[in-house]
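In what follows, chain A forms one complex with chain B and a second complex with chain C.
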Partner chain A sequence: MKKIKSVGAFICGLVFMIVGVIMLFWRDYGTQGALRTLLGIEVVLVGVSQLLGSFSYEAVNNDKKHPPDERSIDIRMRAKAWSFDIVTWIMMIVPPLVGMFDAVDSGTHAIVMVAVYGILSVALLIKAALLIFYERNL
Partner chain B sequence: MKIYKKWVFVLGCVCAAGSLGGSVYLLMRGDVGLGLATLVELFLFGASLIVISMSYEATRDIYNQPDERSQLIRMKAGHSTLYAVSIVIHVLAILVDRIIEGDISQYIQVTLFGVFALIWLVYAVMLIYFDKRS
Partner chain C sequence: MKLYNKKGLLLGLFWFLVGVSGLILELVKPGNNMAVHIRDIVLFSLLLLFSIRQIVRAFSQTATREDMVEERDERNRFIKLKTGSTMFKVAEALLLLWTIGSMIGYGFTHDEMWVMGVIVAGFTLGLLFVIELFVGIHYENKG
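Up next is the complex of A and B:
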């Protein structure tokens, strides 16, 4: 129990996971069923991230009560910078892989591709603008 | 504004100009579908390439070891980007819900939520990893 830094986040994660699993069992045919299954997997993912976060002091620390020191800031920045890079690569690789294995029909694949690459292009634009902003202000 | 990589700038201009022309052509034909959305994205990619060409840190040679200031700038940019992306994803999901109707809207919303879930899962893993390592 000592490893759990926030019981609230732990319980919240468990609740998310249970809701996600219930959604996975609530199977249906057709588009609605497929979308509900995907949403169930995603809710489970949010639950897992909450659960993992509850084990991390940096993720659940109340900054107003315990102001973050230099090490805390460094850890959070590193984690976020790496998360962005990893998610960017995953987003670039997943749509072609899904297409290669014929996992979804071509119409759905096109819609998902547009949505994923849309997020990616907005993210790249924001990152490039932020790089210039920090270059000038640091 | 100083341009650090000219070929990135030219590529960005070509992407942005081409997609802009294509979008106008599709709009004039009244074709407002996935093709137009793809061209809008290509325009955004072009715009980001133009902005990247103006950033020293983004165009710097990877074999050239970054100093402490460079690392800090890159970390801060990545850190703030994730916050910004999370907000953008939610705004997009709300907009899609209001503007687009039918199955397409649900596919896009599920994809947006999937990316959001993935981002925070990787972040939680990375936090634990760096907490133990540093």
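Up next is the complex of A and C:
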């Protein structure tokens, strides 16, 4: 219990996870069923993030009461940068894997490819521009 | 031959495996579209060349030293972190806008394609938050 920094966030996370699991068990066939399953996974993800957040001082800290110090700023910056990099890698790998294992029909695969690589290309373009900006200004 | 950069070698081997398996798959099981087939062969060949370059660099002392100096430079590291963290915020805003836009689109058209948009953007957003928390907790505990 000592490790929990916010009981409210902990309970909230548990509730979200339970709701997500219920949605996952509430199965149906066809597109509606697949969408509901994906929505269930997303609700579980929100629950997991809340639950994890309740263990993190940085996630539940009230910045107005306790302004972040040098270490906090560094931790937050690292967490954001790493998170962005890891998600970029996952997004790069997912569409070819989905295609390789024939997990979805070609129409859906094409939509997922366009959506995922669309986000990625915009993100990488902005990243390149930011790198140039910071290299010149820092 | 002496190995100087283990991480570089592992990464190079990983990309080499991806490139080789992709090329084999393209040659053994080609799709119906010739243009896509040629594009994939070109892309996997480029990946293969890139991986070979990385593997060769792992065995070169000068190249490894160059990579290390580049990697350990304080300013470079700070710029990378700063760019990454700003990108996180930009991605967060863009994905949120996309999710809301897709929801509005679905409200007007009732087309399931918009739901797909909500799910892809929402899933990515969720992943971003969960991984951010994991990494945050890791660095908090690290001291």
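Rule of thumb we're sticking to: the second predicted complex is superposed on the first by the 136 of 138 C-alpha atoms of A that agree within 3 Å, B and C clash if a C-alpha of one lies under 4 Å from a C-alpha of the other, contacts with A are read in each partner's own complex, and residues count from 1 in each chain.
One rule holds for everything that comes next: a contact is a pair of C-beta atoms (placed from the backbone, for glycine too) under 8 Å apart; a residue touches a chain by one contact, two chains touch by 3 or more.
Only a predicted model underlies this, so the values are computations on that prediction, with no experimental measurement involved.
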| item | value |
| --- | --- |
| When chain B and chain C are modelled together on chain A, clash or fit | clash |
| First (chain B), second (chain C), both or neither touched by A:Met100 | second |
| First, second, both or neither for A:Phe84, with chain B first and chain C second | both |
| Which superposed partner A:Ala110 touches (first chain B, second chain C, both, neither) | first |
| Against chain C, colliding segment of chain B, chosen among 1-9, 19-27, 37-45 or 109-117 | 109-117 |
| Footprint overlap on chain A, comparing chain B with chain C | 31, 35, 38-39, 41-42, 45-46, 48-49, 52-53, 55-59, 74-87, 90-91, 108, 111-112, 115-116, 119, 122-123, 126-127, 130-131, 134-135, 138 |
| Interfacial residue positions of chain C with respect to chain A in the complex | 22, 25, 75, 78-91, 94-95, 98, 112-113, 115-117, 119-124, 126-137, 139-140 |
| Of all residues in chain A, those that touch chain B in their complex | 31, 35, 38-39, 41-43, 45-46, 48-50, 52-53, 55-59, 71, 74-87, 90-91, 108, 110-112, 114-119, 121-135, 138 |
| List of chain B residues in touch with chain A within their complex | 34, 37-38, 40-41, 44-45, 47-48, 51-52, 54-58, 69, 72-85, 88-89, 92, 103-104, 106-108, 110-131, 134 |
| Residues of chain A defined as touching chain C within the complex | 31, 35, 38-39, 41-42, 45-46, 48-49, 52-53, 55-59, 74-87, 90-91, 96, 100, 108, 111-112, 115-116, 119, 122-123, 126-127, 130-131, 134-135, 138 |
